[in-house]
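In what follows, chain A forms one complex with chain B and a second complex with chain C.
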Partner chain A sequence: MFKDEPIIETIDLSHRYNTHNALDNLNLTIYSGEIFGFLGHNGAGKTTTVNILTTLLKQTSGTAKIAGLDTVKESIEVRRHIGYLPENVTFYNNLTAFENLAYFAKLSGVKNVEAKVIEVLTYLNFSEVKDKKLGGFSKGMRQRIGIAQAIIHEPEILFLDEPTSGLDPLGIKNLREIIIRLNHEKQITIFMNTHLLSEVAKTCTTIGVLNHGRLIYKDSLKNTLKRFPTEVSLEEIYVQMETNGNN
Partner chain B sequence: MNNNPIFIIAKKEYTDAIKNVLFLTLLLFLFILVSISLLVTAFNFQSQVAQYNTAIAQLKSMGQIGAILEKPQYFPLQMLRGTIEYLEIIGAIIGIILGYICIAKEKGNNTMLLLLSRPVTKTSFIGGKILGNSLLILSLLGLILIFIISSISGIGHVFFSSIELLKLFLAFLFSYIYLMFFFCLSALLSIFFKNIPNALIVSFAIWLLIVLIIPQIGDTMDPDNQIPGGFFNSMHMTKIQQNEVISKFRTYETFRNALEESSVEKHYERLVFATLGIKDIYNGKSLNVIFKDKWGDFIWISSYYVGSILLAFALFKNKRVLEKMS
Partner chain C sequence: MFEQLSTVAINEIRVLVREKTFLLLLLIFFLLTLFSAYIGWSTKTTILAVYRQSVITLKQAGTANIPSNPFTGIAHLSIFRNMIIYIFLVGSLMAIVVGHRAFIRERKSGVTQLIFSKPLSRSSFILGKILGITIVLLMLIIATFLVSIISSALIPNQQLTMLEAAKLFSFYIVSFLYMFIFSMLGLIFSIILPTESLTLLVPMIFWVAVTFIIPELTTGQNPVALLNPTNIIQTTSQGPFFNFMHTVLSPFSVEQHYTTISQPLLETQKQFRSLGILEIIKQNGGSFLSLMLYFFISVFLTFYSFGRYKVTNDKIYE
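Moving on to the complex of A and B:
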């Protein structure tokens, strides 16, 4: 079950692209079992944070830990604990859903690949597409394959970068249900970069707001709504935080 | 071994390429050109033999039974000049296309980030790509080799001696090194450029320069190529006299030579033409003699090959390059 211990931890995490400070001393702790919504304007540093946490990028300074493992020194081990779905992944169109998933499963060190692929597709109510090539898949279908590849090796943490980007309302609803199910049934901690505040309100248990590389707010969704009683929606709360952050 | 990411990636590279329409089209095109070149050379030799037989018959009918005419000699390895020239041009293009596709598909589909978020090191990723495409290029060359041996021995009823087979095998090994250089060049440029089509444009510009332009300039600047049959030959000059003339144009010759030395294609051609005896002075010579003369070209093409592989690894591990991808 959920443990009350940090599963993601960053200490004074900073990253620079040439002269641009993308992340500035980020101190963030996320506990096991949370669905964390990471909010921020374009270029705030959300994707940079995810790239560092998923070991794709080495930070300029500071440390990042996943399940107690250092993302730089123990990067291969970290990757066994995480699943990742980047923004706008199209996968291999010439391969079937099964072949795509089997490829990622093998690379993730999954033992009984065939059984695992079928199990994951069945779990996501998507087994009917097993032998279909991804060339004809809609954005929503691809996202579901994306989730399947991210959880095929049973990770503890799932990183989603703008998962609802480009999805229609039905696709967004389906994805939301999947995220909540994964969190409740498989006890996967979710770290989600997003712009859609309505989705954060419906899905996340905790939110964090990043402004120009600095974390300006982090609390549970429940506390956030209590703390800003005069604002009627999360959108208004967010605008107020961003305005305060810029000042 | 089957669970090693290098082999998993290599296997996918191989199976992806053999289903790729562009690759298969180029392969078919190469086979057609090789077949045509073999046929043209065979017919050419056949007509030489026919001419010889006619001339002998005419001499006999004129009563000159004792007249001696040099019989056309058949050197099957020399028939491969066209094949090697097509490998130089089309083979290099195949290498470039494979190198481009192997990186472009990962960048274009955004699967590069996914793959690198799995327990796969960057070395395994590039290693798998290189291994898969190495096997593919070896298979391609193996098919051409089998085709050549079977068509020359099966249709022409001419069988290669064991030394000829060894020379043929070595020539194809050098071809593998040459093609792999273009594969690595295109792959590393595809890693480097954020806008991937630019990598293809630059790869073709380099191909044009080192396969077509530089060798052409080098050939044009060669004093011996100024008149058909060779300038020195027509002046009835010995090798010592030739060297004496050339020594008067040292700066010019150094520049011309440097130009040719910079082209991997020129080194490949010199090495393979010598190995197969396509260049007459090496025809029938032992491998020992050939390599004594051509080891420099072997070192050059091997250095290009190893250098491009090392550069691909180094570039992919570079922090800034990966930042561009993410």
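Moving on to the complex of A and C:
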């Protein structure tokens, strides 16, 4: 179903904020069709990585490629291949869901905007909010509109930064289902920063662990669980990796 | 590129016209336009009534040489002279708010992260914003012009000739230039300053400086005198300090450049009545060119500021 080719690639990717080394020679390859869970403690460099991959931030050194395109030299072209849902997604509160989505669709170069917005909202089972202003939306509803704006131009890769943050259990379950559907039905590669190990276990096909800007582990979820047979949960595996990484 | 540019511009207009602050300012501005015409007409009528009453009193007292009516030469357009003050006091303030809101709402909410994850260049975005602001200000100016025309048609004996209507329109175009400069000021500071309160406070300080402090320093007049639309003196003879300040600061007095062109366009004094539009521009070429120069400088600075803006370093959003 998916091509076995790297769709995200970083080579010696580093980034510094003044004196702080946020990313330290990150070498990461993600293949088309994966659901990649990017784990790490607060300040490990996960959001910095996503910011660089989504072209919002220029790295200090190294290279990042999306679908073979350089994120710095070909940033506009890269953005045609990606969708992005930031941690705290916000919109124009005095515009309706339709108006917000139409705006982002036009910016993404979507042709038949009206039909596309309706199609995406229907796909996400959310068409009833089309004419409602976003000002009164809950976090979960905003998150779903956030997904809609991220996939409206049919990207190949979807970046999600802590997508379950602030959601109630039902919201988390709904979001998980959406992510899996997008991956299975629309063949979108998912790159997900998260803290929730339970979500990684239920959603991701591959995991990577970042520790103080360094990638200390990357493998498929299947292999990971095989490799650590004595640990009862993914949480224990993660704690062991973090401990080893710090040592 | 043009499609994205127009998308940003249309979105800017759509969001702005739904904001209560902007709508309130708009209402105030339209009311001031109506009041301007009414106050101008009322003043003219009162003065003429006083003159007529004086003539009766003088005749009853047996005065043989009754002076001719000094106000018969008052131009129709001069009833709008208060608009000069309203533009440089309220119009410029409103323009700052329009420019400020254009970007601060995106920064504050964090929508910039979504916008710049789309295949949109920075120049298209900022050009779209400037286009949106320009359209909003032009719509405002044209609406104000129409309110002025309607109010002059409703006032007895106050109908404008074609030339007078053209002069009034030219005045509003010059007012647009003036307001545009302030809108860019609002936009620039909303891009470069780190906190929301500062992004509004700093352009306000500029507004106070341009509206009151610089004209006061360059003319030596007190602030109340500066609010007289018919009598803003361009040169000063108030001592060496003010003469020096006039020489040094006059080129930077945007407000003075604006009033210098606006007064003849609104025929605030008798000698302006005979002048055509081109003649007025020719006679006040320095002020007209200065306004144009500030217009382009403000656009350039907006581009420059936006080029240095970092989306991910922005901590202003909630």
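The rule we apply is simple: the second predicted complex is superposed on the first by the 246 of 247 C-alpha atoms of A that agree within 3 Å, B and C clash if a C-alpha of one lies under 4 Å from a C-alpha of the other, contacts with A are read in each partner's own complex, and residues count from 1 in each chain.
What we mean here is this: contacts are C-beta pairs under 8 Å (C-beta built on N, C-alpha and C of every residue); 3 or more make two chains touch, one makes a residue touch a chain.
Just so it is clear, the model here is predicted, and its values are computed rather than measured.
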Overlay on chain A: chain C relative to chain B, clash or fit: clash
Chain B versus chain C as contact partner of A:228, first or second or both or neither: neither
Chain B versus chain C as contact partner of A:88, first or second or both or neither: both
First, second, both or neither for A:31, with chain B first and chain C second: neither
Touching partner for A:123 - first (chain B), second (chain C), both, neither: neither
Residues on chain A lying within both footprints (that of chain B and that of chain C): 51, 54-57, 76-77, 79-80, 82, 84, 86, 88-94, 103-104, 106-109, 149
Chain C-touching residues of chain A, taken from the complex the two chains share: 51, 54-57, 76-77, 79-80, 82-84, 86, 88-95, 99, 103-104, 106-109, 149
Complex contact set, residues of chain A against chain B: 17, 47, 51, 54-58, 76-77, 79-80, 82, 84-94, 103-104, 106-109, 149
Touching residues (chain side chain B, partner chain A) in the complex: 3, 5, 8-9, 12, 16, 19, 105, 108-111, 113-121, 319, 322-323, 326
Residues of chain C that touch chain A when the two form their complex: 3-4, 7-8, 11, 14-15, 18-19, 105, 109-111, 113-121, 310-312, 317
